[in-house]
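Both complexes below contain chain A, partnered by chain B and then by chain C.
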Partner chain A sequence: MSTRRSYLIRRVLHGLMALFIIATMLFFLFRLGLPDPTAALITEGLSPEERERIRASFGLDRPIWEQYFIYLANILQGDFGYSFHYRAPVADIIWERLGNTMVLMLPAILLAYAVGVPLGAWLSWRRGSRTDTTGIFVGLMFRSAPMFWTGMIAILVFGIALGWLPTSGMRTLPYEATGFFDKIFTLDFLHHLILPALVVALYYLGSPLLIMRNTMLEVYGEDFIEMARAKGLPERRILYAHAARNALLPVVTQLAVTVGLAAGGQVVVEVVFSWPGLGREILNSVRTSDFPLAQASFLVMAAFVVTLNLLVDILYTMLDPRVSFK
Partner chain B sequence: MIGSRILKSAQEPLRAMIGDRLSLVGVVVLLSIICMALFAPFLSTHEPLAVNEREEGSLLARSVDGERPRWVQLPALGERTLNAADYRDGVGLAVGRDGATWRYRDGEWAELEAPLPTTLIDVAIAPGGAALAVGVGGNIALLDDAAAGSEWLPIEAPVSVALTGVTWLDDATALLVGVDETILRLDVASGEFEALESPLGRGMRLNSVALDADGSAWMVGERGLTLRLDPDDDSLSLERLPTNRDLNHIHLADSGHGLIVGERGTLLSRSAVGERWQSQDSPDSRAMRAGWVTDEGHAFAVGRSGIVFEREADEWQLVPSEEERHLRALMVTGEDYFALGSDRFVNRLAPPSGEHWFGTDHLGRDLYSQNVHGSRIALLVGFIGAALVVLIGANVGLIAGYFRGRTETVLMRTVDVMYGIPFEPFALILVLLFEPSLLIVILAVSLLTWRTVARLIRSQVLSLRERPFVKAARVAGASDLRIMYLHIFPNVMPLVFLELAIIVGVSIIAEATLSFLGLGPPQSISWGGILHNARLSGAWRDAWWWNLPPGLFIMITVLSVFFISRSLELVANPRLRARR
Partner chain C sequence: MKNKIRAGVPIKLVSAAVSVGLMVAGGQVLAQERVASINLMTTTESYDPIRYEAAFIIAERWRELGFEVNVQPTEFSTALERFYDQQDFDATILGWSGRTDRLDPQFFLSTLDSRQSNLGGNNPGGYENPEFDALFDQQSQAFDMDERQRIVQEMQELYKPDAPLVVLFHRDEVVAFNHDAFEGINPMAGEGLYSEWGPMEARPVGDRSILRIGGPQEPDNLNPLASTSVWGWKWMRLYYDRLVRLSADVEPLPWAAESVDQVDDNTVAVTLRQGMTFHDGEPVTAEDVAFTWNYYLDQDYSYFNSYLAALERAEQVDEHTVHFHLSEPSASFASISLSQIPILPKHLWEEIEDASTLSPSQIPTVGSGPFVHERFDRGEFMALSKFEEHFHADEIAADGVEFIIYADMEGVYTGLQTGQIDVTAWRMEPGQIGLAEGEDHLTVVNVPDFGYFHMTYNLRREPFDDRAVRRALTMATDRERMVNVLLDGRGEVGSSVIAPVNTFWHDPFVERFDFDMEAARAELEEAGYSWDDEGRLVR
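Let's look at the complex of A and B:
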């Protein structure tokens, strides 16, 4: 138990270390690319007081090492600075956009796995058959089609030609919502969610499907399956009760990694469906040279990925007793 | 030595690639796409970024929709500009560029055999049914029976200048006008010409001629030049009109109504034989090319950029028209009103056709050629990116797995950091900080993808380095480098091949994604870039031919790579081979 605890602590430290390195990299990358980050501001004609406030908050008149430490200190306090474009604190904007992204990505990914995992198990059972080949083909096809393209075609077919579903935004404009949950718990929102969520789900469907199928094939070669078969258990029972259970581990890992990457949102899906998420925000901030927003969005995404990767490792230690804590 | 060993270790993956049926399909498809990229200039039918123009014989018809008249587009008459039309007793004729000739009868348009290979400028039908067409180079052709005949008879003209107008004085005589104040009277039966002397004699251009109800003939031309041929004493006289602008067309009705149109919206009208021509206010100042007035005095005029005027109670109105192309002729049959014309125009958003297999985009550029050229960037980024990724990833994995200890810790912590970076946002930031270019795209793809390869190779190497053959090599005194690259590396080769294939697919999608977001190098053609243009133009919602092919190309390419990777997976992981 103590080895496990020390392993976990070490992993958390590694995660924090990675985040620290990413933050540092980001800082110097930005300083390298944009020697005067307020240049974009001044042309936009911000008032002198605001400009002073920003210059001071970034400490731009100080030596670069001092600036770097101020930057780190600001991040630790959750102060991501002030958006040039929105003229508002970056943190507020980011949390809202992150929420918007998550309500799209989470249902979509869960749907993909809820369908993909059983389907993969079933295909492995029918391995070598025509069904198997077809299933792999369809899964790979959606995995190969770029998501923005699938999205555009979906909009053309279901949004424009058939007129069944709305094709952009989270709600029909104009709408009034007092809070985040007020915005989400409506039929109108669900109506807007269907098309983008389906497009994302179809794209992600391939990976649980194929991973599950392949791991199942590996598991079929294990001794305990031979054992179950020797006991005369029905094939279906072997499939779901014995093999599938043991094949779930890589799928769970993949799920966590996928969710981590989803925080960044699929930028293209948010662009195609005009979904006001974090991914679209980072694209906009790049277009408007809103560097505090770009920097902070990136950092939040990275934090998400690192956290979820950490979670994967922890899950591994809990799900697979064979993992050693070196 | 190293080369031959690695080649030998590559044999099994290569054999697997063509052994499996799906994988073989993948290999064939991928090879064809590679060929497409290599021979793109020969395969494409057009310059991919060149603006394509086309022309057609545009045809508009007037339709009254409630109160307001509108001019609606009918199916085009061929692909050549129509310059003039005439109508008499149920039969209409229209002529145009390169001898294009169409006949209108019983409500149907039908193309006739070209009387001459050269451009025809005017046509006129005689009361008796014969027709004359005139054109550039003094070319003249006669059709005996406009209603049924199809054999045009060329007539030798005494001049070689362009003839711009023709009208019949009676069933046997026609009057022809042209540039340089050319005026010819043709006796059709004998084929003899009589040149008439213009009273002005300054070599100006005459544009149109028409027969008046009293038997006189009116000619109009450059700078307001107007001539009248008196039937009684056969003399030509200069008429004074209230304009000095170029006049393009004259039309006279049997009732005495008349209309002359010209440059800058010039409109001149009269309502009876012998009445003075009055200048009328025009609702638009573009060049008018043709006019028509009915016996009741209902008048129409058409001109550049598809504008159509109609006169209501002596007031000219701009009438909505579906056409943006130049209109050059009018033809009124009694119940139907037609406008004809067209110049060369940019062939924008054209659906697929024999000329443009995948249609054209909003700038009239050929999409088939763009798609063919797009394969180049996709494969370039796909293969260079994958090669870089595998080169970095495999070496990092090999070194980390072989040396272990501090080296491994440092390398694998770097991989951990790399795992914390989301791809699309990272590429966006790179573009924000540097200029978009192919290098940035390849860099973004390869900097973030080698992490997976490094992890996989390392775990494989970790188990390999404990195998007896490695120990034997070490005992025999082999150097670390020798063991790593000569003994261990060939054994991870199947895995390297597998990763190579997967990452080619991933890189192609990544490149398409970046280009779609507008982060690709400007001025280059890629599949993602075509979709970016489609989205940016806003026309993608209607132009399905613009969206569909690039996505299909990406999908087919990546799919073929994935098929190949599946067969390689069986080599890398024999446990996957299906067994009961």
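Let's look at the complex of A and C:
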């Protein structure tokens, strides 16, 4: 047990270390790489003195090291600061947008895996057949088709030509929601979710499908499958109870990475469907050089990936006793 | 380092020797040098394909003229920074948008004022003409409209032959509305259909009585003391009143003011319309007006500083009268400044010490305007309802205004096509115009713009320090082709920083610099330039 605990502690420390390095890199990357946040105000006719005052109100007139330490100290206290552009606390903006992104991405990813995993297992069973070839082809096709294209086709067919589904946003406006859950537990929301979620799910479908199929093929060569066959177990039972369980490991890793990166949203889908998610917000924050918002968004994304990687490592030890704590 | 310097000396000696050789051979001074090459900075193709393509149209002709030209597509904010803050450019293609208050010639003329040529100023090209500067001061203090018009036109005739910049074109704003849902909106130059009058003019002809506007831009915030985007004010002006509103022809119409009078050179008196109330039921008084203006002065809100530059203090004289004390006579104060500053309720703002730090939920959104603020869901939606107590309410047919925020113009167009919105807030993409014209329920409107896209030369650098070169390059800029090909004819070739559509201030007699390669060559020859064996320009 003590090896396990020290392993966990070590992993958590590694994760925190990684986040610290990422936070530092983000801070300097944006300040050195992005144009001045007040540059866009020139087109509004603001004079250099007025822009200098605005810069000072953002704290950008201070030495960069001082800004950096203030930034670190604030992060440690969970304070992401104030958005230059929106003049609102960054945390409020990010949590709302992250929620919007997750209610789109999680169902879509789960759908992709719920369909992709059994389908992949089934294809491996029918390997070499026409079904197998077709399945691989379809999976690869949606994986390689640009999402803005599938999205636009979906809008054209189901939104405009057939008029079945809404083409933009999360809800029919005007709609007054008092809270986040108020907003998403409605039929209207589900109605809006269908098209974008399907487009995202189709895109993600290929990974679990192909990984599952290929790992299954490897597992079929293992001794314990031979053993099960010798015992005279039905083929279906061998497939799902014995082979599939052992083929799940790489799929779980893939799922965790996918969910981790999902925090950043799929900018393309969010743009095509005008979905108010974090991906669009990140893009805007970089465009407007909104340092606090951009830093925090990327940091949240990084924290997601780090945390999920940690969870996967722990999950591994449960799924496969052969994986030990080193 | 030392080695490099030593190595440099002999090379210089060699080139000097070559020059001497030429002198001897030709029997005259022939130390001709090729003209400096030109970096032409423009936007990236994804930011604006039109300005991107324009740069290549220009470069092609300039090369024909014997210049070496390198087109540099640059990310937009970086381009702004290099152009204005660092003045690190040879020639740059950018633009000024046509905001209503810029119909007054003050702003666009100031972009050629030498006092704006410092780093960060509005005259990055560095044009310097003392006569122009002197006239600029004269016009900004001229109260007599005809007198001011004469000076403004003289200024245009003055700078134009020097060709410090090329006004490339004025791009029409092409917008569309659903005539099965709403009618009666008059397009306004520089504003399209989403002007401050639009929602007041819209008449429902379908089932819905709330006007729905859609656009890809949203306010940065709705803080009247912190917003720094035109999209914030386009929305806020619907629920705040101003003392004066500018008509579609930019005539200042008394609005919350009953009358505006010039008391003396430095004092403007405003008599307030009686019986107005704020949306919370409190009366609008001269005290609120004086408070608002002084509050803006004290809070030092950058976005309005140019409107407040001439104001020293606002003073409440009696229940209905406010005196504005100016530090110097200002021609634009009564028309432009009075039409831009909203009236804030004193009882909600006086306790707020630093208004710029308010978070969205703390901002009082109470105004006295024709519409009442209902909500702003960032990234999704904004809503206003009609204010029945407003003095203009009888003229307003719509019951409210909703603004749906899309991620891009593609989404906006789909919204228009499917009837989700009635009006586009922003110009359509060139590809959408033809589609919209094919739809039975849509009317497409071409609105001329007085904002302009320009190419500015850096007068501090070779070869642009030579007036003749600038003139020749301008003549070799095929703007006709830009309008015909890039804008599909929806626009006008630029002639002056004051657009032709701005009829009162525009000077129709400015030198036009029509596209003419022969004239460009002649201009260069006359100035002592010639071409070498490879066709490169030398002097």
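One rule holds in what follows: the second predicted complex is superposed on the first by the 295 of 326 C-alpha atoms of A that agree within 3 Å, B and C clash if a C-alpha of one lies under 4 Å from a C-alpha of the other, contacts with A are read in each partner's own complex, and residues count from 1 in each chain.
Convention: a contact is a pair of C-beta atoms (placed from the backbone, for glycine too) under 8 Å apart; a residue touches a chain by one contact, two chains touch by 3 or more.
None of these values were measured; they are calculated from a predicted model.
When the shared chain is aligned, chain B and chain C each come close enough to touch A:289. Of the two partner chains, chain B is the only one touched by A:141; chain C is not.
Once the two complexes are overlaid on the shared chain, A:309 sits against chain B while remaining clear of chain C. Judged by the touch definition given at the top, the superposed model places A:72 against neither chain B nor chain C.
When both complexes are overlaid on chain A, the residue A:102 reaches neither chain B nor chain C.
By the touch criterion defined above, A:298 reaches chain B but does not reach chain C.
Once chain A of one complex is fitted onto chain A of the other, the partner contacts of A:276 are limited to chain C, with no touch recorded for chain B.
In the overlay built on the shared chain, the residue A:153 is in contact with chain B alone; chain C does not reach it.
Contact with neither chain B nor chain C is seen for A:233 once the two complexes are overlaid on the shared chain. Comparing the two interfaces of chain A, the one with chain B and the one with chain C have residues 34, 152, 155, 160, 271-272, 289 in common. Here chain B touches chain A in the complex through residues 22, 413, 416-417, 419-426, 428-429, 431-434, 505, 509, 512-513, 516-517, 528, 531, 534-535, 540-541, 544, 547-548, 550-551, 554-559, 562-563, 566, 569, 573, 575-576, 578-579, going by the rule given at the top. Note for the complex: chain A touches chain C at residues 34-36, 39-48, 50-51, 53-54, 57, 82, 85-89, 92-93, 96-97, 152, 155, 159-160, 163, 167-171, 173-174, 176, 270-276, 280-281, 287-289. The part of chain A that touches chain B in the complex is made up of residues 14-15, 17-19, 21-22, 26, 29-30, 32-34, 127-128, 133, 136-137, 140-141, 143-150, 152-153, 155-156, 160, 214, 217-218, 220-221, 261, 263-264, 266-268, 271-272, 279, 282-283, 286, 289, 291, 294, 297-298, 301-302, 305-306, 309.
Those residues of chain C that touch chain A in the shared complex are 75-78, 80-81, 84-85, 96-97, 107, 118-122, 220-221, 223, 226, 228-230, 300, 302-303, 305-306, 356-360, 375, 378-381, 383, 402, 404-408, 410-411, 414-415, 417-418, 420.
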